[in-house]
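Two complexes come next, and they have one chain in common, chain A, joined by chain B in the first and chain C in the second.
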Partner chain A sequence: MSSSSRIDTSKVATTNGTTAATASKPGRAGSLASWADERLGLGTAMKKNLRKVFPDHWSFMLGEIALWSFVVLLLTGVFLTLWFNPSMGHVTYEGSYDQLRGIGMSESMASTLHISFDVRGGLLMRQMHHWAAMIFIASMMVHLLRVYFTGAHRKPRELNWVIGCLLLLLGTLEGFTGYSLPDDLLSGTGVRAADGFLKATPVVGTYMSFMLFGGEFPGEAVIPRLYIIHVLLIPGILLALIAAHMLLLVYHKHTQWPGPGRTEQNVVGFPMLPVYAAKAGGFFFMVFGVIAIMGGLLTINPVWKFGPYDPTKVTAGSQPDWYMGWPDGLLRIIPSNWETVLFGYTISWNVMIPILIVPPLMLVLLMLLPFIEGWITGDKREHHLLQRPRNAPTRTAVMVALMTFYGLAWAAGGNDIIAIKLDLSINQITYFMRVAIFLGPVLAFWITRRWCISLQRHDNEKLLHGYETGIITRSPDGQYSERHLPISGTAAYTLTARDRDEVLSVDGGRDAAGVPAPNSRSEKVRAKLSSWMFSHNVQKPTAGELEEAHHHAQHEAELQSGLDQPVDGHQFDDHRQRDADQVPLRDH
Partner chain B sequence: MRLLNRTAGRLSRHRRGPLAGLVVLLMGLLLSGSLYAAFSPAQADTQPSETEQVAKGKELFLASCSFCHGKNGEGIPTVREGYQVGPSLVGVGAAAVDFQVGTGRMPMVRPSQQAPRKPVVFSQEEIDALAAYVASLGPGPAIPDESDYSIEGLSEEEREEAISRGGQIFLTNCTACHNFNGAGGAMPRGGYAPDLHDVDGRYIYEALLTGPQQMPNFSNGNLTPEEKRDVIAYLYSIRETPEYAGFSLGGLGPVSEGLYAWIVGIGGLVVAAVWIASHTTRSKKTKVNA
Partner chain C sequence: MTNQTPPPDNADDGTPAEYAGSTAATTSSAAIDPHVSTHRAEPIPDPGLPEHTWRPTDVDPRAEKRAERQVAAMFGAAMLCSVLFVVAYFTFDIGDNWDTVAGLGASTVTLGLTLGMALLLIGIGIIHWARKLMSDHELVEMRHPAASPPEDREATVAALNAGLDESGIGRRPLIRNTMIGAVGFLGLPAVVALRDLAPGDVLDIDRLAHTIWEPGMRLVRDVVGTPILASEMEMGDLINAAPEALFPSEENGYPELHGVEEQVEKAKGAIIIVRMNPDDITPAEGREKWTVDGIICYSKICTHVGCPISLYERTTHHVLCPCHQSTFDLADSAKVVFGPAARPLPQLPLAVDEEGYLVAQSDFTEPIGASYWEREKHEQQLQD
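== the complex of A and B ==
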């Protein structure tokens, strides 16, 4: 009954009309909607989902960049297929680009030039498609970092994390196959490198290469094969996985930042319709717009400058697109003499390690991250509230270390461009990278973890002693001090809305008869890892500590009474500014 | 006749005027000067004689080059075997001097991995003198004539063929170091293949002939003079062709493209995301209780 008393009755119509209220005639859109609903029955399904609530934060929209750039990829890609001819048949170019007229090339190269110079809007579409691909993979990675740094990969979202990792892998493969299709000098060099990677595989290498190329490289089969992989196979899997990724997102509900009123059981935000439909729809046009501007203004992959692929030619600055840059970098810095000759066969560690071993290993590690963390913590609870990166110092530091490894390998992939643009020696860059690739991640791990921990301390300071007001006062005896004021209740709630970390401990491990407890060895490892992960962290203050600090602050406030007004620096002298009506001026 | 008489009469009226003598004198001087200029024997000494040029070149060489290349251009070796402060210039030819000095690479400011391009120190006359002196040390390639590296004289069709042929020669022989755009590339130990964007055809031709620094020497047996000309024609043609696809991003290939994808693409879109998230969909800025 108490709830009924809270109903606001001020807006209830007060009328003493004599006719009963009737529903007004439905509008045109309304009648159309009922017509459709009576036949399709979508109303019930939509009713729930159109009102689905999503929390609001800019970092939750990073995955959307990937989604919308994928849509741009589909649209521009369909346009390109209308003219592209994925054939390695030999033709003589007779199109509009002067410098290549009369040159022999494959039909795929000739049709790429045709799209670029003789199809209206073709060059714009080609460039939009390529820029969208670059942004698609980049946004997936940014999204992945956001998810990991905020702890959104924890239960129940581990499988969605794995799907995301697969999307990243497939996006990369899709990018590589697309990059290879024009059969220009740059992409041909890339395909030649891929052929080399296949052949570096022990025992089955040459068989795999002959299978892909339909004989010895380059053959006449690889472009049509890559084409069907690029336009049918991988996009199909990508679409299915994107659908699964988003269905799981709806099923799990979106994570949210902690704050007053936000719990593990609810989602606080705006409904899909009208708010998110408008925001997401608007964002699609922004993504489309940015890609269109880039496609219109910035050259990407000028195949006409590379000319057709010819195994006798190569160009400086032959790099893969950015997402393949880091294995290329590892390949560039590995000592070239790392080879073993076994029974007359050469095992090329110098190719296998950077291309065939490290990248798959990194991908598996990436996929396992949530499971490794879950095993160490033993945490089986569901998590819908996000963590600030500083509140998981070891996890944050692990990802920063991985990023550092990636970044250094990536930079090594551009070593020649770095050398000419920064006036450095390419050899010295290589020597530096060989050391930094091992040392850098360790340093980054250590710095990040300490940084996070000091930020945690800072949060505790704020909770216990308030924030720094920036007001410096000087006491009559000449002492300077900065005034602290307590933070708001909302801010304090948000800062304390996190769990205390628990370090696992193993006790004894043997029962009375001296028999070791089952799994005790793995339990010991777990305990060690748990202590590695959590023992340095700063925990949030206890209720008792907060209480004490509160008393202390009150005491301070009493001492400084009169300072609860904005301080103008004249509290202790006689030159205090005053309003005429407040205090009368002293009469001398 | 009447008209002539009248004019003569008017002139004769001024015959004894105060300025008449001066005018006659000036006209006489002008006439005799012009006649002399027109009919005098050709000037033998407008160009310095080769001997004079070599002598002047030697003077300049002693002052600016001999410190590293030796007083007779014989080169100065260092204590380490096989290394030298400056190489011998015997037989490098006038083309090498015209390239090295004409692009400002020589004289070097300090010993380094590679002599960079910098503002030219000498006038063309002085460079010619230096070239003549170095050419006198031993036979070597001469400075090419403009007709050697220009396709001016060819028909429209021949020019097009020359350009596309030059493009293929460029991609086969040059891009491995100089990049597909002629934007340059890295060489071992801090060396580099320089950017070719604004290099004069004459210097490209000389570089091909003489193989400066780490560049190989493309002798006429290797690339015929016509093939060299075609390469230069191709490089000129890609300079003159508008950038159909927009800003070239340095013409460096996928590295600069990746940089733009991250900074402009992802950077711009993250800014857009922040902007969208900080705005409500309502047109009025009333507080929304979420």
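== the complex of A and C ==
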């Protein structure tokens, strides 16, 4: 870089003293790089990547939050391991916390109290660890939604989508195992429920439970086993998957929003070094800092208030961490007595459906979404420009339906809290939820799709007739009308920078490209789905429509300005100045 | 779209040709790959990248200096916060005074704030530096299809086939199949090696059918372990109780239980005892003699997934599990009246001993707690 030209290179050259390095640019960074390259040969790979271009948009930060909070989890987690003792051996607590002194508990609970009350910064680290876990999982979810709603899961990024779904699953399991470690009353209750889930598994369930607990519940094996899963097994897999996720991101290059000069063939943004590296690196410190402040100020999981686990005790309002809430909600709204005995064996539908069947099914569905969509559209092209959610109404509506399902199930997981807060009976809420969980998603799908389509129409209105200025004019014959003005050329281009949707039709190929008529039944299904997916969509105006609209608008404008006002309306906004020479809408 | 005058002062980052504002050719359709979606730029043609505009810090040396000082000030303040962290670490005690500030220890609060501010200031400083002082020229990079060039792919497939061919794996199915079998059979050691996760007869799942309750064992209060006189119980009372064997003493002669066994029996043996008007009780067939003057006893462990049930409403005789709100009617054999549970709470047959204390007539007559695959078999064994 030219900045190196400011550095006095003569010194480096004399101390270096070799002739081999002459080919490289002088400068301290340069000579370090040559030293490394002569041993590692990274030059070729780095040549492209150091200045690799990353596009900028606020929503691209969501994944970064997940990444950085994972790093914070690694750091704070390692700190906790220095004192945490994952043992279920029985001890009497003798630490600083008054109210529990003299009480019997497991060593893991006692060491958690020790970290909280007798290690300086220990409570801070515990709370940071727990907050980071929440932020990690929440940001993964929002990131996933961003990816889906903007169509970034399409080819060639389907596999990265699958990796992302696995990360979400593993993060959730990691959170559950971590939550169980302190062996307090709440976490123990969660572990006991997990035992019930294992036992509900057909054929092998009872044995699985005995294997996990090293015998009958609660045994004294489960915490050490969960511990090694929590600090080694899952973090290892997470780390590997995150690395794969990042490598694929670099290989595919980031998607970008359409706009002037931003096409499917290019990527426009800031170079990795220095701007992107600085922004991302700075953002790491910010995420870390926010988590530290949260850990310092906001109490989370005050295990000392719950007390040690006792299999005969329970607190009212027993709730898992929020990300486990939705299966818990499904568990709550299953009607009574759903259990059958078949050939003398017990099948617990009441646990299997909400825990062992629906959540894995939802995960598989989530992972398959890009493949299902790809099959329906028959689209084999690569996509690097993002779509606005409104421009894929069916896709957007599918996710909103899934979110509604999730949200209702999650709310059902808090039915006792809702009952208290709203002064309703738990029974009423549960009956409502049993119906809503089916109707809600359908309704959400329908509303969202309608909404998207009307937004598409609105976009076309803006393209054809301009935007509403809020200026009301009165014509000589006394009619009032609102002034519309053309939108800027940039905005108009950006609105039209999208594909026209193609519906596969049953009776003879594709609308635009002539694909042969569907021959098999699956092709017919596919054509139906394609029509379901696209046929309601509003397409962008054609050149002809645009032209006609502009002629019309110009005519109108002439009529109006000729009469009583020489104003074109741009006095009321700042469009004239900026677009004076490039508003294509006005010079027809 | 050409780049305008270079910035007067601090344009030290020699602008290469790929800078965004200076390339009009980015939208040219040269070398379009059929796999890449081509946005036909219609009906409005692509106006191309907008021009680059200079920031105040690019053109005004004073603004530049100011930004530089701001960044350095943030880094300086971050150092101060780190020092304050150390001060707080050694100043504030922890332990007993854990709730001195905002319900937390002063130590936790100050450590969190100083560490958090140090980190935040570094982060904001770096980002400020990037936004104000580093080049803000956007670059354009061309994309390439994810797939390798067809020649490469063909070469790879050819190499793969050559390798497979030379191995002879296709021509020697005997070797291929036995190899697959050999590797597959490694699954056996892998699975069997986990057998001792529950070693020896610890894996005996028939233990689930039994609890520590036995004929004549007293019911005792769960915390203190004192036996319960039937005459002591008031109408409407609910007592959380345990088997006396969990409180071994010289008097009762029960053997000392060690850690795991004690926890297991505690988890299985927990009960609730309630007293209600005997007329309110709907006697189930065969259980007419399981109660003592309206005193009736059930397992405390929910038959759903095993939480201890807790909330009792004496007017309705309903007991509610706080985990998923299964509700059981204690007056009617603890049948499920609401919620996801599928079976009534198991009932413990009661009697009184010669001193008037409540005792069990026997163990439960069915497995307690959550359902499991072999549950029905166990229940039949118990009832035979």
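In the analysis below, the second predicted complex is superposed on the first by the 501 of 588 C-alpha atoms of A that agree within 3 Å, B and C clash if a C-alpha of one lies under 4 Å from a C-alpha of the other, contacts with A are read in each partner's own complex, and residues count from 1 in each chain.
What we mean here is this: a contact is a pair of C-beta atoms (placed from the backbone, for glycine too) under 8 Å apart; a residue touches a chain by one contact, two chains touch by 3 or more.
From a predicted model like this one, the values you see are computed outputs, not experimental measurements.
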Partner chain(s) touched by A:L145 [first = chain B, second = chain C, both, neither]: neither
Touched partner set for A:G215, first chain B, second chain C, both or neither: second
Which superposed partner A:I300 touches (first chain B, second chain C, both, neither): first
Touched partner set for A:L185, first chain B, second chain C, both or neither: first
First (chain B), second (chain C), both or neither touched by A:N427: both
First (chain B), second (chain C), both or neither touched by A:N415: both
Contacts of A:G102 with chain B and chain C, given as first, second, both or neither: first
Touched partner set for A:Y251, first chain B, second chain C, both or neither: second
Chain B or chain C, by number of chain A residues touched: C
Common ground on chain A, meaning residues reached by chain C in one complex and by chain B in the other: 98, 116-117, 123, 127, 268-270, 274-275, 278-279, 282-283, 286-287, 290-291, 294, 296-297, 299, 310, 312-318, 415-416, 426-427
Residues of chain B that touch chain A when the two form their complex: 113, 160-161, 163-164, 167-168, 171-172, 175-181, 183-190, 192-193, 234, 237-238, 241, 243-249, 251-258, 260-262, 264-266, 268-270, 272-274, 276-278, 280-281, 290
Partner chain B, residues of chain A touching it in the complex: 56-62, 64-65, 98-103, 116-117, 123, 127, 131, 134-135, 138-139, 142, 185-186, 268-270, 274-275, 278-279, 282-283, 286-287, 290-291, 294, 296-302, 305-307, 310, 312-322, 325, 413-417, 419-420, 423-428
In the complex with chain A, residue positions of chain C that touch it: 12-14, 20, 26-27, 32-39, 41-50, 89, 94-96, 98, 102-105, 107-113, 115-127, 129-131, 134-136, 138-143, 145-146, 194, 197-199, 202-203, 205, 207-208, 222, 240, 242, 259-260, 263-264, 266-268, 270, 300, 304-311, 322-326, 336-343, 369-377, 380
